[in-house]
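Quick one: the structure is below, questions incoming.
Letters A, B, C and D name the chains as they come in the text, with residue numbers starting at 1 for each one.
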Amino acid sequence: MKKIINNIDDIVSEMVHGIVSSYPQKLKILPGTLAIARNDAAFSDDKKVGVVSGGGSGHEPLHSGYVGKGMLCAAVCGQINTSPTPDQIYEAIKYADKGQGVLLIVKNYAGDDMNFDMAKELAEFDDIKVESILVDDDISAADDAEDTQGKRGVAGTVLVEKICGAAAEQGMELHELAQLGQRVINNTKTVAVALSAATVPAVGHPGFELDDDQMEYGVGIHNERGFSTEKIAPSKQIAEELINKILKSYDHNTGDYAVLVNGLGSTPLMEQFVFANDVLNLLKEKGIKVSFTKVGNKVTAIDMHGISLTLMKLENNWIEYLEAPTDAISW
Amino acid sequence: MKKIINNIDDIVSEMVHGIVSSYPQKLKILPGTLAIARNDAAFSDDKKVGVVSGGGSGHEPLHSGYVGKGMLCAAVCGQINTSPTPDQIYEAIKYADKGQGVLLIVKNYAGDDMNFDMAKELAEFDDIKVESILVDDDISAADDAEDTQGKRGVAGTVLVEKICGAAAEQGMELHELAQLGQRVINNTKTVAVALSAATVPAVGHPGFELDDDQMEYGVGIHNERGFSTEKIAPSKQIAEELINKILKSYDHNTGDYAVLVNGLGSTPLMEQFVFANDVLNLLKEKGIKVSFTKVGNKVTAIDMHGISLTLMKLENNWIEYLEAPTDAISW
Amino acid sequence: MELTINQAKKWIILWTDYVKNNVELLNEIDTAIGDGDHGTNLNRGTQATKKALEEEDPQTMPLVFRTVALTLVSTIGGASGALYGTAFLTMARLVKDGETRLEVLLVEATKAMKKRGKSDVGMKTLIDLWDPASKAFAEHKLTKEYINDCVEKTKNMKAKKGRSSYLRERSIGHVDPVAKSSSYLYIALLEVID
Amino acid sequence: MELTINQAKKWIILWTDYVKNNVELLNEIDTAIGDGDHGTNLNRGTQATKKALEEEDPQTMPLVFRTVALTLVSTIGGASGALYGTAFLTMARLVKDGETRLEVLLVEATKAMKKRGKSDVGMKTLIDLWDPASKAFAEHKLTKEYINDCVEKTKNMKAKKGRSSYLRERSIGHVDPVAKSSSYLYIALLEVID
């Protein structure tokens, strides 16, 4: 395992300190936690619903890179692939609350779900209004979702954070915001492929092995294997398969879409844009209208080499929320 | 070699098309070229000096990701690690010229230098005022620079593009802009380390081999080997060595600095921020004031795993140029 | 039945020692059907709890449970952190409200965890230890053999909650890691009240 | 001396054939001290030039040189693209201005490339072929042996310009790739005027 780190146990703490000391005008650490929160002047005068997210580390820039005016008020960083603890989430909620309540955006994993749930109880005990939404955009294992913890939350999370963050910034109240977030989640679908697995530092070797000519369809962002291992295909063919899988999962394919092509950590932008080119060409051929596209390392799996495709069916003025300005360093 | 691509010969063209079709409101391709240019409404009314850059591909998001109001007017994309041809650069110059002339920001490689030089002659033949500056921030082989093509242009290029782009946006005239750019270049110093080399698609294997416990100090962004191969060290030690090398290369170390921690392609943000944390702590210990920091994959070497550190000694109001808003998708 | 303050402290400290001596084993079990961190995570939490009990040396029953609950909640993390946290916070709240019957505390803690995890028996989680063990304890029938039996039974279950649920059929054949670490808690209890 | 239009076309086309037959060799030489693409890049440019000459079939000397120059400039890329481009643009400009003496064209092209590359003889570049070869040609002393000799001599030089200069001492022991590809141009010339 080759990584630019010091001690394995200190990675998350050092990373979090690195983030805030790189952008001190925008970000700070909440005392006694590994939660990163807005530090800009505008925030202190805000009287808006606070939006808070978080989860295990290893998905950078999610969530910390999306803290800033117009997106999140705070992001709570757990250890690598491990949910943060309720006390830290609770601190973030308290910081984000301006009397209008707080929306929690949680990825659907047992640890995240339960720890955020506990934090919510702690906050409600303090009379802070809290609602939470569970992002579960990964459709790669949707068929038997009731027999499992449910669909996983992956790259689509960043779109949920952007839309909810922008709507909160524009003054939407808490309950409406949670409903908006839930609709966005319902409309957001992701599938990923990996050419090689990630190496979790504490583990020291890749989470699974693929041959030189193999790729894995349907991987998750915690090194979860996918639904099939195939011979590596040209970008265009991968795009075709992911698009078909995603489009089929909607009731119908009319309307406008947003597209997110997401690198999983060690995938060069060059490959991401070649893939985006194929995706956009294929969608055009299929008569699917795309009104918003984003390409880059947005929600990663440490150093996994691979890519995910997210489609989001747009409603109402969501496109305006997507295009609204934000101070977040990584949007 | 595992890459998400189609045909090797089509990578750059497909990538360029992927970039502009992902961001059609902001970017377009100049007809008959692989030059990416501003496509925003504000540009058509501009009466400012145009700033143009470009070079071989494989360093994304450089330069195409820096096209937009407040940075570049156009970026000319050559084949991978190959300078673009003068005719394409010339098209970019013509597009960028609004009667106030055009500044060319060129990285110091023989191919780039000579091809941009030819384009400049073509443009001058058309009575377009053109000035060019050569970025040569890589100090890893500075000792005998007169005996070689000279120091290479690497990560610092993005800072030069930001400052010149912002100054042009604020109305600075051509000659002054070129002088500003040259001063910025003189004040900018970079050194890089790699844990593994990049794989150029046409070559199909890593440019050089390092053992599992080895790292290479002083690599370039085209798989050039560096000045020494060492046992891999903790982030803090790498930071210390790069900082010392860079600080020594200035006449004196008073004043404010900007810091760029740059991932070389496949380095996760996690590692970049751990490293940034060490860099900022060490600079603080040394009493060096840092007024601006940027961290991320800004100037890459395809899929090289490694990191570069750039320091820039700030003068006058450069910090304002660095902090000025820009529409560029990757700043 | 009721514990004395010293018994309560001894119980928890005995548990932390069990965890400490079995970190590798718990990690191994979690590796088979999870992400391999349960031993490390839990040990971090229980060692912090031991330290807190020793340093704060709480002198009332509510304070003992409060110390244990808050320390576990803030130091374990992950799914098991929320579950153990929920269990001990529930017990702490009940003790504070005057409920001291241990059998009630354990049954209520189990209920709270079911609610927290939207889960129930048969899903290959710690519930498959807590539910039968807390009931057997209430009926004075809890033995070490029974506890280990409950853990063993999770082996043939297919996971329906948590990370391991994504393994589907492949989750069968391994015991649940947090059922295992919970078995130490119940065994420690038996040893303390023996 | 002066070339006829047909000789000029034949010269260039002969050169493109030499390049085509030696793509791998040129790539290999560039791999040793550069980035291994010179054969591929130059062949792309010379094949495009051949095609342009055949399709556009220019009927005046200035048009022939213009076609060659513009095609090379826009299709080779890299350092050698700029250098060959500079050489042929210089010759095209001179021919357009009425200068038809080949020896003058070659000497002026060499000068222009020196200026373009801020380089001179002894730096292990194509200048080490063009400079002596153009002078020998002017003095009617150019032979195939002399041309190959010039290429060979670059072997023991230490590169001071271009990518290979970063190899420092390690650049010694290999001939310069663009000196080699330029040798084909001069050999083709000898064959055409033979």
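A few notes on this one:
By definition in this document, contacts are C-beta pairs under 8 Å (C-beta built on N, C-alpha and C of every residue); 3 or more make two chains touch, one makes a residue touch a chain.
Quick caveat, the model's predicted, so the values are computed rather than measured.
Of all chains in the assembly, none touches chain A and also chain C. Centres computed as Cα averages put chain B at a distance of 31 Å from chain D.
If you average the Cα atoms of chain B and of chain C, the two centres end up 54 Å apart.
With each centre defined as the average position of its C-alpha atoms, the distance from chain C to chain D rounds to 79 Å.
A separation of 29 Å divides the Cα centre of chain A from that of chain B. Residue positions of chain B with contacts to 2 or more other chains are absent. Touching of two or more other chains is recorded for no residue of chain C. If touching chains are joined by edges, the resulting network of the protein chains shown is an open path. Of all possible chain pairs, those that touch are A-B, A-C, B-D.
If you check the complex, the residues on chain A that touch chain B are 2-6, 11, 14-19, 21-23, 57-58, 60-61, 65, 195-196, 212, 215, 232, 234-236, 238, 259, 261, 265-278, 280-281, 293-297, 300, 302-303, 305, 307, 330. Across the complex, chain C meets chain A through its residues 35-37, 40-41, 70, 73-79, 81-83, 85-86, 89, 116-117, 160-163, 165-166, 168.
On the chain B side of its complex with chain D, the touching residues are 78-79, 81-88, 109-111, 114-115, 117-118, 141, 144, 147-149, 152, 200, 202-203, 220, 222, 224.
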